[in-house]
């Protein structure tokens, strides 16, 4: 890791401050990790303990069991949810990134009539909770015949306002000369975007890929409304259906929850460096 | 000669065709509109139209296979609906509390992580960030069982360890609010820290060096350099936090298992929209609640944008 | 180096995930292949008839209900070789299932042929034009044997839209293992005064609470109310909660809370996951609940086997009716479905016929709505039955004892919002915050009148 522009010079750091800060973060991160630890521990305990004792940190060798995971890995439904979630997330990330970058480029590199107005619209969408409009939006999706299809889930988020905003901020930092050079070389307006700009945007795309990926993987309410066929359910909907008081599925619930974190964790660990870099370069500019 | 002319003409024609196609591709006038077209469509189809629709629905009594126009009836009822006020109170309290915690603390974390004195930044940063990777469903279920009312659950066992008495977390107002805010903090602290960290890394080193020469201490550097430079980031984080606070529902659904909370201590405005519109199948009334929330949100954001002058800056 | 290692891990993981999908995919395909010939078999036996198998989509929030339908579908296919059916069962969680149903009914898209609707949610689907089949013509063979009040709750304007699942007669479950050492004989608890003394005795003897104040759900409140001949709603279906009877009911429980002889149960309700865990752990020694809670005990709390006795509820004054039918699920057929007729016929067969009702008892442990089988002694006193084995006394003896005392609560357009409001507000304020019951009930009535819709 290369040193960023950290502000205190190397010579005058304070060892006491360093120790204090490290201790502070160790404690903080321990607390942050507690829910995970208790979740993972519980996933190895017999399921009837869950409702009685909740999640806790106690563990003894004798009661720890792999039964929950055995049940999970022999459960085809769970992996169907898993597959559905992965498919939806991948499609949504790829499409949303491309469309949002496309729009963001339009805002960042052109002057046109109505630009300011439209950009204010972007900001308004960013600010108005989507959930307010879920009922009419559902009716809308229904009249478009998109109920029970993954397009019904993805379309409303295709031009993702937050990503557009982010890309505009990022592209502000890129000199206009590139575009002019492209024009001189005979690229079309769209060719410039595809061949010159998109490759430059890589860090920003990585950062947004994580954010959109997290959003899509974890989205609950909207897919719940759109999907009615349980075979198409995503992981969050499926997991929540396991809390039902009418069936004894708790052994799947906790183990399934633990497993559900893994894909994003991998994505994050892979894109981590790009992520911070991208966030930094795309961060809001005054 | 004639022949040559013809060929020439033909050539010119095809060239013209090509160039008109090319002129579309190369038109700098048209290009921006093609670029922003997907957004315009999204805006019209998935934003403006639903708003119009919801406004119309708010004057209707909608049940399966039948729609009645009932004028202001929904609004009159809503005005007298004590549950609605509880939902508004909860949403506002929740939003304010999350703002009060989710801005200063991540800012502090970011400041400390960015300091040269600090070591192991990457590890801590990643650890802080991991909770956001869990879905609200998983996080909600985890918190529901951590804050179980039994004395063996994690939260109560800690309370008892510290000499306290076990707390009925999810059936008392302030403990329940605390659980919701904690859940929010747990998931979002890392994200906001990254935002602030990104903002801090943008600040040119020279400013700090100049301050060093002037003999400024850490606090002064923070107060007079970092903070002003972070203003845009702050506004951004503020905006998305308000969004998050007012749109909260899944946490509520998870913590109380989709049932109503005791005395509606956890009910949020969006939760009320869901309860009325979907649980109780009364879409007209729910639309009315949604519209009111829309006005609240727009008003708050207008104030923020006005006072911070973001609109003014976009115009240059 | 580190990075490449990471990529390798990612690669391996993704391959294993893909492999596991394709594996489950293979398994799935095998199952289909296995099933296919089985479905064709009857066709092979009767080559004259086309084996036209109709697929009916079924939604439920209770797995045993789906199991019951599958079983009944098997018998149906034996009896009706020319009208074979195949069920496509879907289990959803209680809340989301009803939410989804409301949504798909709005759009008319993806509505299942058969759905179980829980009684608490039932009124939501009775507004406007009811989109379900009127079962009356299909059920005419059985309708005289069915407990009438159970049909009434799933009816609107004289049309029966839902097939009831059980009577839901409320009884008191005593954990004899816990109360006997405290010196309590459950057979002597005839009135609430007796019960109150037992609460006191139990608290003194064990330091624990014998029962709890229900804060989520209104079963406790309802049976205290119906014993006094009152209902939660009036004739028009409007809320009716500021009555002296309601006041008497909540005051009784509040008095016990104040005296510290009743406790609370996690989530405020005994039929949630946490609530059942508390019952199983012996935190609750007396539980006033409908008959169908037997299935929860037998299936989910095997540790209590041989410890539970069933008795009629205590009353305020001897002579008051000792039970009320609570809870329930109405099974409906979607009227605009392709196979609405067949679905309706099958529902009636599965849930109202004597055959169906026998399995309702033997498999699910429900008090069957078809009274024609109540007298079948080899059924009701079958020593091999797991429900009969589980309890100290015979459940049917208790049911027969209170047969004519089972009251009925009306379920009308406002029942849903009343239940929601009581669960969220009223009981918490009276039992937990110990606010003045009369004031709270008056406010409840006022708020609910604002929300309530007049009958159509």
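A few notes on this one:
As written, the chain order gives the labels A, B and C, with residue 1 at the start of each chain.
Heads up, the rule we're going with is that a contact is a pair of C-beta atoms (placed from the backbone, for glycine too) under 8 Å apart; a residue touches a chain by one contact, two chains touch by 3 or more.
Model, not experiment: these values are computed from the prediction.
The interface with the largest number of contacting C-beta pairs joins chains A-B. A centroid comparison over C-alpha atoms places C as the chain most distant from chain A. Averaging C-alpha coordinates per chain places the centre of chain A 13 Å away from that of chain B. Chain B and chain C have Cα centroids lying 39 Å from one another.
Multi-chain contact residues of chain C, defined as those touching 2 or more other chains: 93-94, 96, 99, 103, 106, 272, 274.
Among the residues of chain A, those touching two or more other chains are numbered 52, 139, 225, 237, 240, 243, 269. Those residues of chain B in touch with two or more other chains are numbered 148, 150, 257, 278, 283.
For chain B in complex with chain A, the touching residues are 22, 25-29, 31-36, 38-43, 45-47, 49-51, 53-54, 57, 109, 112-120, 122, 124-139, 141-143, 145-148, 150, 152-154, 157, 186, 189-190, 194-195, 197-199, 201-205, 208-209, 212, 218, 221, 229, 231-233, 235-236, 239-240, 242-243, 246-247, 249-250, 254, 257, 270, 273-274, 277-278, 283, 286-287, 290, 293-294, 297-298, 301, 305, 310-311, 313-315.
Residues of chain A touching chain C in their complex: 48, 51-52, 73, 76, 79-80, 82-83, 86, 138-139, 142, 147-148, 224-225, 228-230, 237, 240-241, 243-248, 250, 262, 266, 269-270. On chain C, the positions that touch chain B within their shared complex are 93-96, 98-99, 102-103, 105-106, 124-125, 127-131, 215-216, 264, 266-268, 272, 274, 416-417, 420-421, 423-425, 428-429, 432, 447, 450-451.
Only residues 63-66, 77, 80-83, 148-150, 168, 171, 257-264, 267, 275, 278-281, 283 of chain B touch chain C when the two sit together in their complex. Considering their complex, residues 6-7, 9-10, 13, 17, 20-21, 24, 27-28, 61-63, 90-94, 96, 99-100, 103-104, 106-107, 109-110, 271-274, 276-278, 280-281, 300 of chain C touch chain A.
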